[in-house]
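Labels run A, B, C, D and E following the written order; every chain starts at residue 1.
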Amino acid sequence: MLRFIKKTSKTAGLPPGTLVHIGEQSEDKVRVSVIDYSESRFTEKEIQDINEALAFRQSPTVTWVNVIGIHNPETIGKIGEGYGMHSLVLEDILNTGQRPKVEDFEQYIYLVLKMLSYDVVNDEIKVEQVSFVLGNNFVISFQEKQGDVFDGIRDRVRKNKGRIRKMKADYLMYALLDAIVDSYFVILEKLGDKVENLETTLLEKPSPKMLQAIHKLKQDVLFLRKTIWPLREAINNLAHSESELINESTGIFFRNIYDHAIQVIDSIETYRDMLSGMLDVYLSVVSNKMNEVMKVLTIIATIFIPLTFIAGIYGMNFEYMPELKWKIGYFAVWGVMMLAAVVMLRYFKRKKWL
Amino acid sequence: MLRFIKKTSKTAGLPPGTLVHIGEQSEDKVRVSVIDYSESRFTEKEIQDINEALAFRQSPTVTWVNVIGIHNPETIGKIGEGYGMHSLVLEDILNTGQRPKVEDFEQYIYLVLKMLSYDVVNDEIKVEQVSFVLGNNFVISFQEKQGDVFDGIRDRVRKNKGRIRKMKADYLMYALLDAIVDSYFVILEKLGDKVENLETTLLEKPSPKMLQAIHKLKQDVLFLRKTIWPLREAINNLAHSESELINESTGIFFRNIYDHAIQVIDSIETYRDMLSGMLDVYLSVVSNKMNEVMKVLTIIATIFIPLTFIAGIYGMNFEYMPELKWKIGYFAVWGVMMLAAVVMLRYFKRKKWL
Amino acid sequence: MLRFIKKTSKTAGLPPGTLVHIGEQSEDKVRVSVIDYSESRFTEKEIQDINEALAFRQSPTVTWVNVIGIHNPETIGKIGEGYGMHSLVLEDILNTGQRPKVEDFEQYIYLVLKMLSYDVVNDEIKVEQVSFVLGNNFVISFQEKQGDVFDGIRDRVRKNKGRIRKMKADYLMYALLDAIVDSYFVILEKLGDKVENLETTLLEKPSPKMLQAIHKLKQDVLFLRKTIWPLREAINNLAHSESELINESTGIFFRNIYDHAIQVIDSIETYRDMLSGMLDVYLSVVSNKMNEVMKVLTIIATIFIPLTFIAGIYGMNFEYMPELKWKIGYFAVWGVMMLAAVVMLRYFKRKKWL
Amino acid sequence: MLRFIKKTSKTAGLPPGTLVHIGEQSEDKVRVSVIDYSESRFTEKEIQDINEALAFRQSPTVTWVNVIGIHNPETIGKIGEGYGMHSLVLEDILNTGQRPKVEDFEQYIYLVLKMLSYDVVNDEIKVEQVSFVLGNNFVISFQEKQGDVFDGIRDRVRKNKGRIRKMKADYLMYALLDAIVDSYFVILEKLGDKVENLETTLLEKPSPKMLQAIHKLKQDVLFLRKTIWPLREAINNLAHSESELINESTGIFFRNIYDHAIQVIDSIETYRDMLSGMLDVYLSVVSNKMNEVMKVLTIIATIFIPLTFIAGIYGMNFEYMPELKWKIGYFAVWGVMMLAAVVMLRYFKRKKWL
Amino acid sequence: MLRFIKKTSKTAGLPPGTLVHIGEQSEDKVRVSVIDYSESRFTEKEIQDINEALAFRQSPTVTWVNVIGIHNPETIGKIGEGYGMHSLVLEDILNTGQRPKVEDFEQYIYLVLKMLSYDVVNDEIKVEQVSFVLGNNFVISFQEKQGDVFDGIRDRVRKNKGRIRKMKADYLMYALLDAIVDSYFVILEKLGDKVENLETTLLEKPSPKMLQAIHKLKQDVLFLRKTIWPLREAINNLAHSESELINESTGIFFRNIYDHAIQVIDSIETYRDMLSGMLDVYLSVVSNKMNEVMKVLTIIATIFIPLTFIAGIYGMNFEYMPELKWKIGYFAVWGVMMLAAVVMLRYFKRKKWL
């Protein structure tokens, strides 16, 4: 549940633009690394003081400042000051309860979205907020923790693979975004496998435990949908942005991510429909089983209750009961009972209960 | 229920613009306080006569007139006259059944919305209508009762904290609005905690009482949704307003509130979906339990009813019943019974009822 | 049901613009009354011949022609001719199955909507179609029957209360419309009371009769929704009309009605959601009760059926049944039975059935 | 079912514009009749050769070519050639699986929609596709079978009733369309009567057969909705068409049909909601009855099962059972039984089962 | 399940534009055939080297390059290079998890959609991704496997049937698209037949197996909907494209396909509604049957349980039971039993259970 609503009430009453970290607490030091490159040059270093990063600002090379850990408002505040970011942007970066969105501040573009990963140990989806600030020749990325999906990009920049070193900062931003959206497919596949397994089990041997499993998957899908849905619009804005920070030739790449985001949402919607369908099927299966149980009870009861009644009759101790004296009495009663049972069974057969 | 529909029928038949208070009655005196400030000056006083407030109108300083209590149409009428407000605006201020909306009258902007607070004693959400009138250098706020979420703002103005004293009336209005929207998150958290608790309980030990709890939460969510949904559009209009009363640099602050409002609505929708899912789960759990009850009944009945029948047979008093004379008769019957029971149990095991 | 679909098939096959009355038949004479006023003058009379009304057309005063009864196509036809109305407008006035709508014919504006009243005797909502034709200095209103919500307006015109005598025909039309929309709130309150009562009863003592009550209320809400929903768009068109018949200063009044119409629709939607929720709760409550009934049956049956079987065993008449001879046989059997019962009860307690 | 999806797979693989009839086969000869008129002249004849019809094309009179039977692609092809129609239009005319639509080809406008009639014998709605081609001075109508709703129009043209002979071809087209849409109301009334009857029966004496009736009506409503929904947009396009073929003064008539189409759709939606509501009520009623059945069973069983157990106890044949010797034993047992029964009944009364 | 989500996670981490095949693996060689034609000339050959195809590019004739098999990224890469296609287009061609879409790159238009076929053996719908690249005088089509719906088009080109040889590349593209959309109707018919059969069976003899059948059909419909829905927008974009690659006279043909696509989607929606309705009916039927079963049990049990109790009474062995001595005792008991049974039966009749 906590993952749905962040404790944003912490800021209630504070002046807007106050820098307060909202999210998981952490004791780790905030780490800042800088990668600076052009087609011919490449520098990478971990920095202690944000001013080191600012030194790269004047040069025409592309600078990627990667901030790991946002639990220290002061550090974020310094970076924001150095790069001339609006205090509301800094507030958003620190508050991990953001919806994915894009905001164009002319001098820079602010983008915030969620990075998802699958925690195999606890069998749950983990979510981390990632913010990007795209300037004319820099990208600053803010993530909550060590560990991300950007290693491929770091590698491509280091080894000058593909076109990345030839392109501007907007392409770097695209590459980072693309890595995150691609990682959604990994989560989708995990979810898809679970839905598939559940469906197979559902039709083969449904059990009450499945209800919880379906419910949990539905919550996961709900959560994914809430997390990714607004991204669609945000990326669309980016793809059709008229900002000077985004070159026309990069537009097509953003449209490509937009297509991917729509594929993800489409799949989520499909899973939602499938899980709803499965819940219906589960309930019907349960209802069918109950029906079957009832039929067995009814058949047994309706056959034996009348027979027991007949037996009861001749168990009475009246002194004058003529049938009791008859020699064939006992066998006649058996005959009547057999007949009654056969009639009942035929009736059930006609009713299709057997 | 009363909170859903205000008794607005009171005005039916009256001429439009007639000032009638619609809402909770109160005996409290209407209190009017004025805060007037510029970057260098600051005045705060409680006034008896609205003309005192009007005196500040000519000066370039920002004036915040805070009206507490709207149950006295005359006072409101006088304020409206003093500030040149349309009679329909006054009607809206007095009628607490308004939907959140913004109306631009060129000389001033009228904004109405709901302030929510959580009443711990009665465990219910309390709602109060707040109206704002933003003029070129004043903000008039109307609230129903003493007690609000504006103390932080008063403090910031008094002590010249943050940028508020440097800004115009539109920023004051933003700050007030921001305080209200921030307070929604507090309500959301309360609601979120309840939903979370309910869900935990649901899967651990569901009880018929949960149905009422789910139902009550659903009504609360319905109510919040109805209250906050229209706010989204109203704030959006404000953020993209072309009114001269809102400076361009304040626009970004209103867009920030807009983002918050969307976050709130998103969470409400998520809660709605979760509660629907929980109702489904609850019903399934109930149905599962019923199934289990039925199975126990069926197993007991189907095993013992036939056995009782057999016992009944040999309880009959026919004079000629050969089995009764047999020495092993009694034990044979026990044998037959055991066999029948074993067959039944096997059948149930195969059917997965045991 | 009749109220949902009018017998409009009556006109099938007739040429368009044929004047046929579709609606409740009536034997009453059609009454036409005229109120003519300017700021300084006021005339009111009931007229016999429509030409009397036409006499007022040239004067600059505002004329309100109120036609009560539309079951006489000839009278309507004459009025239509006198005021130059299109034959399709007349067809619409006569056909009481109209959806609320506004049509702008440049020379005049045609508006049709429903007037609702609550019939306490039959405990049902009564609906009446009202049409307005707004010309440059006249309003013609057509209603089905004697009795309306316009008395307040007549009074204000007669006694020159408020601004109505100072304004043009468009304001008169607004006042009439406002009176009708205000009357919707009265219906809403009645409905709201019923929904509230039902909800209280539902949670305290649900009974099968509630199902019908919920169903009937749902149909009422459905009906109201169908009746009022299209009004929203119609009034919006009016509020933003560029027709010369509507003065700019009246626009704000129409926007005010628009807000009211949205409030009405909002409340209707809320009731709809609440009633759906109540149906769910009702079904769950019924299901819970059934569950309880089943439990009682199961507990009784599963305790006594095995005991009865044991009793049956020792009721058998075999000659050789050693236990029967034992002195403590009878008491031993009682002991076994007690034990069985206690085991069963413990089992039920563990299962939380008791 | 067949009525939902036409066997359009027949054309799969054929070149576009290939003329293949898709629909019900027929052996009837295709009949073509021509009505040609102006305000002063009128000609009507059944023609054998399409060239006869073409002769009227040059004259300024309005020509209505009515083609009855579309199962002969050759005839349709000839007409299409004569009037210069696009091969795709001809393909659409022949394929009875069209959605209602309007297409503007500048020289002519193509309109296709469904004509509905109620087959009393089989108690089902029959549907027929009607296509119109409106040229500058002609209307060609294509229908599947003899028998239509146009007799009133033929009569009006013949006898020069109303304005039809004074107007152009667009008015003729309007009149034809109006006749079809008017006929929808007849179907709606039939449906409305059925829904009304069903609802009355539902609350008075529900039976399992009602389920099928509700289901069948729902399918009918689904079918009507699918058939009529797209018409709304098509007629709207026509009403706001900028084509020179439609005179400005005819626009208002098309808007009138548009209003009618919306009324029809509104009613269909209302029926859909009502039927859904009825299904819910039906299921609840069934569930209530089941509940009642269960209660009776439970009451009888829980009263008599323990009593039967007591009787069973004293039917045991133990030699040493002291109670059996007591003189008041028998009566004491009766007393205990009575007491047990009374206690049970009280319990049921408290539980509100009786 | 696999068909819903392709294993697109394979590309996660790779640079954008990396050519990786995502889809079913295949060992078949990629085959490329070229058809080149103008009104007077026609060439068809299977080529080994893509440069052979490039030779046709300069000539004004229309060239159709048909690539069968997309599992070899190298071949696709070469073709892309030869025709100057963007690396993202090539990535999309290779990734079979695309949503239908159209992208306009000025020099060429890229279109991707799904080709469906019905696999009779496994009774399932098979899906294959088809991509088209339309240039000024060429169409390149990419399909996954041998076997398609284009044979009719090949034939028409070869034999110069219809208008295809007279038209440009855009018409060829239209013809290919039309063939695919026409083939959807074949799938729809298959599905329609199944839905029809299921419905007939449902009302005649419902069985638990139907639930699975309904569920499977619902998943199929869900799948079709997901596959075809986005196509509607894509074709609409094409029909109203302002690209110079699409001649104005071809626009009407694309609008025709658009109509077909809407028909397909309409039918899918209808099936969805029908299947939902059928699920409701199925559940009700099951519930009705259960009700009937319960009634039989209740009737039998409530009649015989009291009778058995009476018999039990007189089976007791009390020494002093006066009735046992009565001569008519036995017959009196029978009388009482008969009476009790008759009373019960009457009660059931009044309750309408019999």
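Throughout what follows, a contact is a pair of C-beta atoms (placed from the backbone, for glycine too) under 8 Å apart; a residue touches a chain by one contact, two chains touch by 3 or more.
Since the structure is predicted, the reported quantities are computational estimates derived from the model, not experimental observations.
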item	value
Chains contacting each of chain D and chain E, listed by label	none
Same vs different contact residues, chain A with chain B, by half of numbers used	different
Centre-to-centre distance between chain E and chain B (centres being mean Cα positions), rounded to whole Å	41
Centroid distance [mean C-alpha coordinates] between chain C and chain B, Å	26
Residue list for chain C, restricted to those that touch at least two other chains	287, 290, 294, 297, 301, 305, 308, 312, 315-317, 321
Successive chains around the closed ring, taking chain A as origin and chain E next	A, E, D, C, B
Partner chain B, residues of chain C touching it in the complex	149, 151-152, 156, 161-164, 174-175, 178-179, 182-183, 185-186, 188-189, 192-193, 195-196, 199, 203, 252-253, 255-256, 259, 262-263, 266-267, 270, 273-274, 277, 280-281, 284-285, 287-288, 290-291, 294-295, 297-298, 301-302, 305-306, 308-309, 312-313, 315-321, 351-353
Of all residues in chain A, those that touch chain B in their complex	1-2, 4-5, 7-9, 11-18, 86, 88, 92, 97-99, 101, 103, 105, 205, 208, 211-212, 215, 218-219, 222, 226, 230, 279, 282-283, 286-287, 289-290, 292-294, 296-297, 300-301, 304-305, 307-308, 311-312, 314-317, 321, 323-327, 329-330, 333
